[in-house]
Structure formats: structure tokens, C-alpha cells
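Here come two complexes built around subunit A, the first alongside subunit B, the second alongside subunit C.
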Partner chain A sequence: MRKPLLEVKDLQIKFETKRGTIAVSDGVSFAIGENETLCLVGESGCGKSVVAVSIMGLLPAHARVAGEIRYREADLLQCSPGEWSRFRGREIAMIFEQPMSCLNPVISAGRQIAEAYAANNRCSKREALAEARRKLDEVGIPENCFVKFPHELSGGMQQRVMIAIALACRPNLLIADEPTAALDVTVQCQILELLHCLKDRYRMSMLLITHDLGVVAEMADTVGVMYAGTMMELSGVEDFFYRPGHPYSRALMNVVAGNALSPIRGSVPHLLEPVPGCPFHARCVDAVEQCRRARPQPRIVNGRMERCHHFTGDNSGRQLDQMVSSR
Partner chain B sequence: MPKTVRIGAIIIICLLVVACLAPVLTPVNPLAVNMGEKLQGLSRQHPMGTDQLGRDVLSRVLYGARTSMAASFSVVIICLAVGIAIGCIAGFYGGVIDELLMRLVDIMMAFPPFILPIAITGILGPSLTNIIIALALTSWVGYARMVRSSVLTLKHLDFVAAAKAMGSSRSRIIREHIVPNAVHPLVVYAAFNASHTILAISGLSFIGLGAQPPTPEWGNMLSEACSFMGSSPYLFIFPGLMIMLTVLAFNLLGDGLRDYLDPRLGTEVDL
Partner chain C sequence: MRAVDGVSLSISRGESFGLVGESGCGKSTLGKLLLRMLEPTAGRVSYQGSDLGLLSEGDMKGLRPKLQPIFQDADGSLDPRYTVYRLLAEPLQIQGMERRKIGGMIQDLLGRVNLGTELLERHPHELSGGQRQRIGLVRALAMKPDFIVADEPAASLDLSVQAQVLDLLNSVRERDGAGLLYVSHNLRMVRLMTQRLAIMYLGKFMETGDTESFFTKPMHPYSQMLVSSLLSLDPAKRRARKNMITGEPPDPSDAPGGCRFHPRCPYRKPLCLHEEPGLKDVGNSTKVACHLV
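This part shows the complex of A and B:
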């Protein structure tokens, strides 16, 4: 197997708060190969964004991080802040959910892109601006928007500017944290298409965080399902959609694939009071006594990982179409 | 843009033009003593009359604009530079640095604003330069406080995190992202500070601590005019009017800008 670009091993992130310690990420592991897209899905508050932010090294000071985040040969968690910042922008870049608040309100769009380029490259102001013009063209923004300020641009345009900023230094890994959540459906489509196209052009790898299984189907090579800070399932996109393994994945799929809306009952357990056993057992239709007592360990069969006591690697009996028709 | 801003700005620009072009506007040397023409009233030759040494009051008033504008602008510029630097460092780095700098600010603030300049000129000797230093020493604290508080809110905003995610260094983030966002509340403060400085300089010159005679300065013109108040009132009316006009202009500008820049007050929308 080829060496992955980014490898996260047993990532543990804890926040020390006044009301106690919260484990927002508990033993998350995944790997992203060159030119590959990994989608992280899961409900709100499951720790997806925290994992993304931890790869960037932008967690707040009260976060305690353990485990390993390996980018190529470097273990980012062992890096000094200065060394880590050399990866940001040039190697790993990030797109955030709210383009409006992530753009500096008093600097024009073009200059912000130039600034991102200049931050990582020794170059003259003119070169940076020329590069910014090229980037702006690449993300499909008309020339006259170069001098516009963020508030003069629409949400879709702002997100395009964000993408141009992220791509300013040709990163090898792009982390997109719900890049389309704040946008209109038609604009979402355009932005995803743009990301897809740019990913191929720059031969980037991508870590995409989303709630939208449609986006996953469109973009992903691998899908990671997170629940309450734990990686529940990690499998190829085909396996995930056609043979969803984990009961949580199946429930998620049920929500969107069923004819009628079938929500998952209950809500994500509060991270301040971790539940014993499998974190999903309270909402799981297949839960048995063992699920309430013992925490399932990750098991890997045929290249897919699951944390479930029921998991054997044989999902023939749980195919999606059967599942839908049985309802 | 509110009318007050325009009026204030126009007056200030006029004063600046006057200050720059004083030698062109009045060919008479403001320092030229002519005892033969002392205390003459308004005439065609001397539109504002002459003082007790026969110097032309008009040219002294115009050259006085030079002194006042230069002094108040130097104070404001020094304060902006020091205030922004200290405020940014304190706000961005926080911790011990912040604590130390802010206690320094507290100490400076504890002095009554007029006493410290008097004390400093007492030590350094009365002169315009020393007054500028003294006023700058007392006024930078306000700027630093304001910048610090803006930086404290700004540094937690998403675009700062986004800039960090792009690999920008700390100094770059401060320079390119924090400072441009932190300065606009300062514009209003600087306008009021400028008017305050003009008054303070005139006041200190009036009591003999600022610009020294024969330098034409409105404050010391007023103090020289005191003895001739009854016989030649024009001697203090014109410098007094100039002080009033300048202070008014800066206040109008500051007031107008405050309304204009405050998003909470409904400003007119240009359609």
C-alpha cells in the first residue's frame, strides 16, 4: 500500500472546562492518500470540526491533544508552533463554513488572496496581486470583483474567494469544513463542482466535512462516520452506500433514503457525561446487553473499519435496498 | 456623509492650506518689529492691525496656524503610532505583557491631564517641542486603551483564525488583519484629541509654557494682548477666533464621523 498523505492515529482531544473534562475526540484514526477525498459525516457536535481544526493546529489553548497526526514524514503534534505554521497554507489549507466571517471585512477580495499568497512566498506586491488575479479567474469570479469588499459579494462569491485564498499556495491537502452549509442549494452545487474540478487540477487530497450524504456520494472516496467523538465506521464510498455496516450509518442512510422521513430517535449523548458501553446504544435498534456494558473496539475486515459488537465483516444480510423495502 | 463632517473637513483643509501657504498669503514678516506702527487699528495695509511692537497681526495669525496645526498633528501622529503599537501588543499577546502595559497606562491616566504637561515643561524647560512631548506622553494612553479593546475582540474573530490557517505569521496577522480593523474607531478619537491638543497648546502657551515669543502662536498672542485688552481688542479677538474656529472644526469632524461610522445610529443611505 502506498504511503498516505495524512495519517491520523488514535487522536484524543480533550477540553478542560470548568465543568469537567470533555473528550471531544476519542481514538479517531483515519488516513488520506494522495489525491483522495475522505468525507467525515455525523450529527452536529460529534467532533468532526474539532478533528479538522486539530489537523490545522488551531485548537484553543485549553485543548489537550494526544495521538499522532502524521503528514508525510512529519508528526505534526510533535512540531513546535513555528514548524507547524510552515505546513499551514503551503501544505494544508482550510475552507471554513462561514465565508462572510472568515474574510477580513476591511480588505478587498483580491488583496486578501494576494495576502495569503504573500504570507507563504517571498514575492513582490505586484507578483502577489498578479497571482491573486489568476486565482480569482480560476475560481470563476469576474475580474471586476477584485477590488470589491467581502460585504459586496454574495455568499457563493465569498466562498469562492475563500477557496481562492485556500488554494493560493497550492496546498496538497485541503480541509473543507462544511463548505456549502451556509449556501443556497444551487450555489452549493456550483461550489462542489468547483472544488471537485480544482482538486483534480491541483492533484490535492481533501478532507471534507459535511452533513449532506448527497455531497458524500458526489465527492468521497472514503467515508468516516463520527458519533460522539468516536469514529464509528470508516469504509469505501461504495461499501458505505450499498452495504452500510454500522447501525448508525444505516440509520443515517435511512433518514435520507427512505420514502418517509424517519429520524433517528433521541439525541447525541452529552460529552460531559459519557455513556458506558457503545456511545450509540441508547438509540440503536440492534442494541443488546453487551452494547450497554462494553465499549466496542475498532475491528477491520476487508478494508473497512467499524466499531460495533455486531460487526463481522459480512453485511450481506443488511443491504440497503432490503432495508428500505422492509420498512 | 453628514454635513458636520464636510464643514469640519473644509475648515481644517483651509487651515492646512493657510498654514502651508502662509509666506505666500502674507508677504509681511510676522517677526518684523516696527515701533513706528505699533498698536495701529485695522487698516488696508494691516487688515488685522498691528501689535504693541508694530508687528502685523494678520501675518502672525496665519503663521500661528502653522504652529498650532503642526503641533497638534505631531501630537496626534505620535499618539497614533505609540497607541496602536502598545495597544496591539497588549491586546494580541495578553498575559504578563498586557498586564504590565495596561498598568503603565493606568499610571499615566492617574495624572490630571493638565498637570503633567506643566510638570514636564517645568523639568524640560518651556518650549513648543517640550509641550508636544508632554501632550503626547499624556494622550497616547487613550489610544492604547481603545486599540487594545478592539484587538481583544478582533483576535477571536474567524478571519484571524482563517489567516492563521493560511500560514500567516503573528506579526503579519497583526499588520494585515488586526490593525486595519482596529484603527477606524480611532479616527473619531483622533479628531477630538486634535481639538483638545490645540486648546491645550494655546492654554499652555498662554501661561508661558508653550511656544516662546516671538514665535507667532495663538495662545501667546492672546497672553501678549492681555495688557492692551481695553485699547486694542482686535489683538485678542483674531487669535481667539482662530482658536475657536479650529477647535470647532475638529469637534464637528469628530462628532460627524462618530455618527457616520456608528452602524447603530441610522445613517442616511446614499442611493
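This part shows the complex of A and C:
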């Protein structure tokens, strides 16, 4: 792998609730290299957004965090809030599914971008506004939208404004949490294409959170599959699609790529009642006695990590490529 | 503003018809019109030969259980003061089911969407979004409907649950012979769920026809744009769509003259700016509204 920009090691995030402790992230590890995109995939409640928020240092104060989040030479978890805020925006920026909940409704699109730029750069107001105009153009927003307020823009345009704000300070890492889930398919394509272009232009790295495997195929270099707070699989995008490894990954793939609807039986375990053994065993078609008793440890073979008792690194006979390419 | 503008369709028993388009194209409005949840300004909706618009409120009320909507967000259709048990018992009582059979039936219904009986005493606000959606779905299906309008029924659900829900809808259609209007912008699901479909743009059908031939050979430029927006699951094919996709979903209150799609159409001719094309039969049971086809 290229030199990692961000490295997350054995990240544990726990919350105390009235009904007990829940581990929303339980030993999550991954690394993102320069100019690389990692997609985190998983169903709701699997902990993918919490991991993203923890990298931004935006977890609520009562969260108990352990492990390591290393950005270049700095261990972010050891940083004081003041030190951390030097990374936010300038080094690491984030965009969300619902741009409307992040944009200020009473400030025009152009001024919001200028504000973000001015907050992190020493410049005059005039310079900031000029920079905002350049950014608007860069993300494909017509010039007349500079003075428009967020509610006057379409969902796609709002997301472009968010992207422009996130890029205002030229971050090295962009975290995008379901950036296109709320958009029409046509607009989704446009936004993904925009992210591709910007990533290449600025040699940015991206952490993209999605539940849509189509988005993964379109964007990812590396894919991380999360389930019930655990990273089940971490592999290169070709491996993930052409030789899906973990039974959970294969089941997800079957749902979208299969020619008939093939549901995954059962439902996600509740984080308050952690199951013994492999968290996926109750729904796994390959589960054996060992899976019900012992929690599988991450194993790495040929650059691919899996948490599965069956994983030996040999994926022959698990080929789904024909099924995938026929769609 | 014309949300739905001169569309015709028919759905038979056991058939699933897909309605596809970007947000604001009028697909949800059309779904509501079919169930007489909205009154059309002009035109007719008939169910088993009788004109729904001519039925009295009372007759319509008798028919309602047979015509069921399922929406993306079940919140609006579940009474917040009812428990899950009462929500599911009510439709069964309406059908005159004996009291002692109701408990077992409810258990059966919950099992079909993979929910357990521990939910029975909960109220809607104590359920997760996915659970609410599934309760809304089985409540609608408990009525044994003949015709279902499913408007993005699975959009708020996780992948694994999505498949369960759609599978259930399919089995109701196949086993009980219910007709289904499946409204969605998720083309992958539409392909799996429907036999015929219509592509809607600013209130009009741009193309109607057989689902499979639509995906293999989309005729209308807008259809081609939609199909090319379908993200491939093959990473080798990424970014292969050569900027086929232009513009954004238009504002329905400001529909352009001529062909409504012309501002976004890569092939437009002068004729398209002035004259609106009608739906033409192009063979293969496909109809297309385009001057160039």
C-alpha cells in the first residue's frame, strides 16, 4: 500500500446507556493511503458513521474511545480539543447525507463557502469571496447561485455547496457519509463523477460511507465491510467484487447482483445483547459449531483481511464474477 | 401545474407494473390517483370495470380494504396511540376474523417480515424505522388487497431487509394474484420486481413497455440516461458512461414547451422545441414519446 495518510488501529468506541454498555466499534482497523478511496459498507447501526465521526473528533463527550487514530505523524486520540481543531477543516473535512441540516439557512451559498475559506486562511473578505466564486465554478454550480439561499437550491446543488465548503481549505482527507443516498440516480452519478475529478485534482484521500454496492464499485480502491461494530472484511475493490470472501459480503452481493431476490435471513443482532462467537453466525449459511462459540480473529492473507473461521485465503469456488458482470 | 398529464395504463391481476422517474415527476401523485386518494381533474380510473370516480363515499369505503397503499415512510399510516398488536388486529377484525384466530394470524404476519412477538406491546415511536416500515407493510397485506400501490416501499430499509420485504410483496402478487404498481427510482429493484414499466417525466409517460426489453434496449433519450445512471457492480466499468447524464430533475411548475425533455436531451432537433411528441407504438409492445424514434 502507498504510504498511509490515515491509520485506524483497533478502534474501540463504547457508550454507556441506561440499559448497559454498547460497543459501536469493536476493534476496527484500516488504513487509507494518499489519493486513495476507502469505502465503508454496512447496514444501519453497524457503526460505520460512528467511526467516521470519531476521526473528525466529534463524538459526544461520554463516548469511551480506545485504540489509535493516526493522521500522518499525529495520534488524534491523544490530541487536546484545541490541537484536534487544527486538523478539522484544514486537513480532514466531512460531508453528510443531508446537506440542508449542515448549511446555514439564512446565509447565501457563496458567503457560506467564503466563510469556510476565511476561517482557515488569512485573507481579506474580498479574497475570500473571490475564492468562493472559483470554488462554486469548480463544483459545477452556475454563477447565479452565488447569492441564492440553501432552500432555493435543488438537493444536488445543496450537496455541491457542501462539497465546495469542505474543499475550501484543500483538505487531504474527505470523509463523505452517504453523500448521494438522498439524491436521484441521475444526480448521484453527477456527484460521484465530481468527487472523482476533485479527488484526482487535489490528490485527496477519501473515506466514503455507503450502503450502496454500486457506489462502492464506482468509487473504492479498498472496501471495508462492517457488521455489528466489527470489521468483517477489508479487501481491494477487485477482490471484493470478483472474489467476494466473507459470507456476509457474499450475501450482500447476492441481494444486489442476484437474478432473483435473495434475502439474508434473520436480522442484525442488537448491540445491547452481543452474541457469543461470530456476530454474523445466526444469519450465516456456512456457520458451524465453532462460529457459535469462538469469535473469529482478523486474519490477513494476500493483502486481504477477513474475520471468519472459514477464511484460509483460498477463494476458489467462491467466484461471483460471472454473476456480477452479467448485470 | 399539471402533476400528471394525460397518462393511460392498465394493470392486470398478478401483474407488477413499474413506475420510474426522478423526484417531482408525478409518479407518487399518479399512485394516489389510482387509489382515489386524490381526485383527478379529468380522466377516469376504473377497478374491475367500475369507475372509481363515480362511486359514492360509502361504496368507496367498502372497496378501500382491497386497494392498499404502501408508502416509503410508514409513520403517516400508523396511529401513534395504537400498539403493534392493535395495529395488526384491526384489519383482521374488519375482515370479520374470529377473535381467537387473530393472535396466531398476527404471529404469522410478523414472521413473514422477520419480526418477533416481543414488539406486540410497543407503540410506533418505540420501533426502528425499518420495523415501522415492515409493520405498515404487513398491515396493508393483512387486508388481502387486490391491488397495491407500493411507493418506494423499501427505500428506507437496509439491503438485507429490503430483499425480504420485496420478496414478500412478490409472493403476495404471485400467490394471491394481487396487482401491483411499484413506484421507485431504484432501477435495480424495478428490474427485479416488475414485468412492465413506464418512464415518467414531468407528468407524462416518455416510454412504456416490457421491463426486460427496456433495460436491454432503452429507446427514449431519457430512458437511456436513466439506464446509464445504473451503477455497475463491476469496478472495471466505472466512469464508463461518458457524461451521458446532463441537467437536473426539472421544476414541475415550470415545464418547458415542445418536448418536455428537450432542455436535457443530447439529440434535440429544432422540431423538439416546438412540437410535443405523443406516445407512438414502436413494436415489441413498446411505446415511446420522441420525435427521433
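The criterion applied here is as follows: the second predicted complex is superposed on the first by the 318 of 327 C-alpha atoms of A that agree within 3 Å, B and C clash if a C-alpha of one lies under 4 Å from a C-alpha of the other, contacts with A are read in each partner's own complex, and residues count from 1 in each chain.
Here is the rule we use: a contact is a pair of C-beta atoms (placed from the backbone, for glycine too) under 8 Å apart; a residue touches a chain by one contact, two chains touch by 3 or more.
Given the structure is predicted, the values throughout are model-derived calculations rather than measurements.
Student: Identify whether subunit B and subunit C fit side by side or clash on subunit A in the overlaid structures.
Tutor: These partners fit in the superposed model.
Student: For A:Ala168, is the partner it touches subunit B (first), subunit C (second), both, or none of the two (neither)?
Tutor: first
Student: So in the superposed three-chain picture, is A:Asp75 touching just subunit B, just subunit C, both, or none of them (first/second/both/neither)?
Tutor: A:Asp75: touches no partner chain.
Student: Once the two complexes are aligned on chain A, which partner has more residues of subunit A within touching range, subunit B or subunit C?
Tutor: C
Student: So, A:Leu103: does it touch subunit B (first), subunit C (second), both, or neither?
Tutor: first
Student: Could you give the angle made at the Cα centre of subunit A by the lines to the Cα centres of subunit B and subunit C, to the nearest 10°?
Tutor: 80
Student: Considering only touches as defined above, state whether A:Leu58 meets subunit B (first), subunit C (second), both or neither.
Tutor: first
Student: So, A:Glu152: does it touch subunit B (first), subunit C (second), both, or neither?
Tutor: neither
Student: Of the partners subunit B and subunit C, which touch A:Met94 in the superposed model: first, second, both, neither?
Tutor: The first partner, subunit B, only.
Student: Quick check on the superposed pair: does A:Glu143 touch subunit B, subunit C, both, or neither? Answer first, second, both or neither.
Tutor: neither
Student: Between subunit B and subunit C, report the minimum C-alpha distance in the superposition, expressed in whole angstrom.
Tutor: Minimum over all C-alpha pairs of subunit B and subunit C: 12 Å.
Student: Find the residues of subunit A that appear in the contact set with subunit B and again in the contact set with subunit C.
Tutor: Shared contact residues on subunit A: none.
Student: Which residues, counting only subunit A, touch subunit C once they are in their complex?
Tutor: 43-44, 154-157, 184-190, 192-193, 196, 211-215, 217-220, 237-238, 241, 251-253, 255-257, 259-268, 283, 324-325, 327
Student: Flag every residue of subunit B that touches subunit A in the complex, lowest number first.
Tutor: Touch residues, subunit B against subunit A: 157-159, 161-169, 172, 176-177, 180-181, 184.
Student: Any idea which subunit C residues touch subunit A in the complex?
Tutor: Per the stated touch rule, the residues are 22-23, 114, 130, 158-164, 166-167, 170, 185-188, 192, 225-226, 228-239, 241, 243, 245, 248-249.
Student: Where on subunit A is subunit B touching in the complex?
Tutor: Its residues touching subunit B are 56, 58, 85-90, 93-94, 96, 98, 101-107, 115-116, 119-120, 162, 165-166, 168-169.
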